[in-house]
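One chain, chain A, links the two complexes that follow: it is found with chain B in the first and with chain C in the second.
Take a look at the complex of A and B:
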């Protein structure tokens, strides 16, 4: 059988093949090159995830040599425990506060960095610094800055006469939540700024010039031209920001450990406490499963927006 | 420390000997393959080498599952330098006396935190709370193990702790590490610690051994004169698992590498006295405790006088101890931060403990 015949037998007429479908040989090759990634996904993601899902149906504490099947008992405990349920509210406050603040400051900073001024490249590079630093290092920097006895923030506030005594930022509910939101925002601004800056650079500058000639001021240009243009960026950064903040653990753990009195105990902290302080792996898995379901709508929304764009 | 042990055992990594704080011993004792040292070294030999109260710290349900390595008590430590410069020359007998001392220190040193109370970290908060609860005549459980923490003594304790913070006599965000620094650097006059307080004070003061004369353990002040002061028993133990490293000719043996490591650390007076001299950790063997190095040490003499009647941490021996510790700590912090009044926090502590027990 010569090459021409082989090609003829192996091929399907484009008219008869469904659009978007590959030839059998191409499909085999596609599966072959996908295989390593699929195997890695199954071993590293799918199997641990399914294992954790099943673990949620078991009682498995430090005292149990083997997991004991208890059905949905862990979920019942969670849904009737106001202290654990409170973690969802705490998580919602943290995610909403951090995402909105980061989007606002990220956009503001991107608008500034979009302007043409001397040293812009240096400023843009310096802006990336919080993103480059390990997050726990950033958390400890902020912990020292906000420290009630030695912190520079208190020193400045006292120097300008704003307060008479140091504020124990990390030891009260509002202060601790503000601290974790602020720290996470500080770290996330560079990433968000990069997204917005990329969006701004894709704008037709002549539109802005034309609007200026027509008498539009800065605010009007932002409201009528820039914000509508950046709408897809807002959707992507919003979804990514919410997903990232829902998964946040290290900064909160390093700054407050979830305290004081659960004031910053988001879902990730709750899972950690159940798994590594109370040694209740079944309960930790159950919270983890509910946590995944909390994340799911945002992830689906994000993926749908991505595929729609494609 | 316990996280590493737990994870290594659960994931099947090699582990033959590990260190455990006394409050974790009941938990670890329930894990498989834990060696009973009475069988390994012989009950009579252990009784001859260690005082009974020291051995008791490593016993769970009649088995010697922990070998005492560093046993002491959590007691109130004072900084004489700070106190004398504030006009305080006598240890406080009652809680009222104690508060007066703190007020004097605050007056003499306005930027100080006279008592470095533990206000951060569940274990530490619950430990300090219990010491003050006992001083007010209360307890978390009665002799039958039933919770009795919703009491007048608890309300008094929580009000007392909140009052100290509100008046700047104690501070928020303080854990043992911070307290040791504050004490060594003359920012605090009192805090609770084990005998190793001396070693930390030497380091943090920057004065080394010259600072030891200022570190003075005092008996726990009590609500009313005549009440018994209590300290809290504390210690670190060594636990051994049944592994190949613990066996000779297929059986557990005192001559195995694991057993020799433990006996070398706990039964060797030279090592025990070295810990004592470097850290202030009281030796565990009878012979080391009787040595001149220990008996002639004024700090240890004072420490032993300060102990009153040591009690076990009430939450340490409970199954799910971490859950109880978290409940007590959260309710104490709620009261100290003013999120709940003392009576509500005491009632909530009781109801949450009851729910967990059932």
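Take a look at the complex of A and C:
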């Protein structure tokens, strides 16, 4: 009876319907249950997004009572404006620095947390602390630690004799960029570590044991076995990290406000300044569009790697 | 030929002691199987020999050299894992070359050894494939190949066939046995499957709760189990056990009473049980004779009959004791009916209340011929 059933199913279902396609009645039901989410997406995301995109084609400042259509003028301005382009470069430095540093430290920390030692569970839990703290609180903690007068970082540097006088981290270009990168990295490490740790835990430990019997040392095991195993995790965390860092606003705003001068003024800060300090909504929208197009390739890459079958 | 010796080896995980001072001497070139139920410590013992598990107390010697503190890679062993543990992103060739590359062997040597191992294991056409493109049996062959190329003195197998289906398991069993004959290295093989143990081993080490229960050739363990655990563990289906009482004791013989009141007189060359003592009588399912013909007869009420074609299993009740009888495929018996079975005196086993075997005088020694193993494990704790 089972065999008969199998044969019957085998002769009808795959031939008539392509895999992954639903019957008409199922499709109707699928649309029905998708509808609330689709409506919410259209109203809350798609419409404001398209509205903002269209605003990029208008001049709309505090002096204008109505938006004035100016075509691609805003884009021409931002593409020739050294400040906006500088902001794009600042964003690239911030995103690259933060993502790479977070991946390196997240992986290193995951490798440590993967070892079997007493108190590992406590350490793992404590590692999540920066992630739990509100980002503005973390930013203030780091601002205090990097403070030129009372900061613990300066105290330690002076104690070990690395510097003679305190460094005003947040008052110089490089120091401010380092500070925002460090703070953002500190907050992101727990998430990255969790990804890497999950990747490590999915690895067959007997592979490492086999490599030990083969005579491989720790570095060789990491390079030849662990890193290739974690390749998909690198792709996903790398893409997620870049997306998250491109969207970063609160930490930079709380820590440096985009300064000193424009040293840490990334695209998100630039949009904020144009929209809510200069009240130039058309220009803010145009920068927003540039921002979206910077994000887009990474998002597409991320989604492709996420849905790739293997 | 490299011998392996375990000298009072103890393993503790924190407070928990899992291996209790095991002494074992494995002769070079032998095929020794560690067998026992889950959690008996057989894999832990193997991993201690491999150097993957720290030895808490005692010493491990390989080829006469103490390797207790030596790294796994410095012990001259090769290990095949249950999960195969192949490196998934490397091809078969790269998997097999990895150990030699790490050891800094020249490329020509690596290529020669890989192709030699590939020929032995018929892996020639698979060398450029990734592990995910191989079947279970092929993966296991690659895992063995990876071990062979390193030319280890001792091969360790940790339940290598557990992930394979029944048919492939039989096939790989034969291949590993052939490999042992061809290479002649010392091989230590861990399994929970007593059929694997019986068919592959020169010598079986039966373990329970971190201690050695008995060491011997497969036939010795089958015919002369030293305790009730070994008697029950070796053989499939399991040995039947019946409670019996010692009725009387003579100078070198004694009489026991079966549950149905039948008396059996037995001779014992050594220790005799005490009169009135409760013992357990053991008889293997395959040692029952259908109908009359044996020294003693029992009437079995048959509950379930399994006819497998070549063999028939009868599950029945004999005086409130559950009994399994194995007959040949021609045996016809109806469910729910009574059947007469008999057995011979020489097929009986007796165990005291501590599970120790009571040695019986036998007219014929069925284990004769099974005692000449290549390997000799001379001592057990």
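One rule holds in what follows: the second predicted complex is superposed on the first by the 294 of 310 C-alpha atoms of A that agree within 3 Å, B and C clash if a C-alpha of one lies under 4 Å from a C-alpha of the other, contacts with A are read in each partner's own complex, and residues count from 1 in each chain.
FYI, contacts are C-beta pairs under 8 Å (C-beta built on N, C-alpha and C of every residue); 3 or more make two chains touch, one makes a residue touch a chain.
Just so it is clear, the model here is predicted, and its values are computed rather than measured.
After superposition on the shared chain, chain A has more residues touched by B, the comparison being chain B against chain C. Legend: residue contacts after superposition of the two complexes on their common chain; A:120 is shown touching neither chain B nor chain C. In the superposition on chain A, contact is made by A:276 with chain B only, not with chain C. When the shared chain is aligned, chain C comes close enough to touch A:209, but chain B does not. Of the two partner chains placed by the overlay, neither chain B nor chain C lies in contact with A:28. Once the two complexes are laid over each other on the shared chain, residue contacts for A:62 go to chain B alone; chain C is not touched. Chain C meets chain A in the complex at residues 50-52, 71-73, 77-79, 81-83, 85-89, 98-99, 102-103, 146, 150.
Note for the complex: chain B touches chain A at residues 3, 6, 27, 30-32, 113, 119-120, 122, 168, 171-173, 319-320, 322-323, 326, 330, 333-334, 337, 339. Residue ranges of chain A in contact with chain B, taken from their complex: 61-63, 65, 83, 147-149, 165, 168, 170-173, 259-262, 273, 276-279. By the touch criterion stated above, chain A contacts chain C in their complex at residues 204, 206-207, 209-216, 220, 224-225, 228-229, 231.
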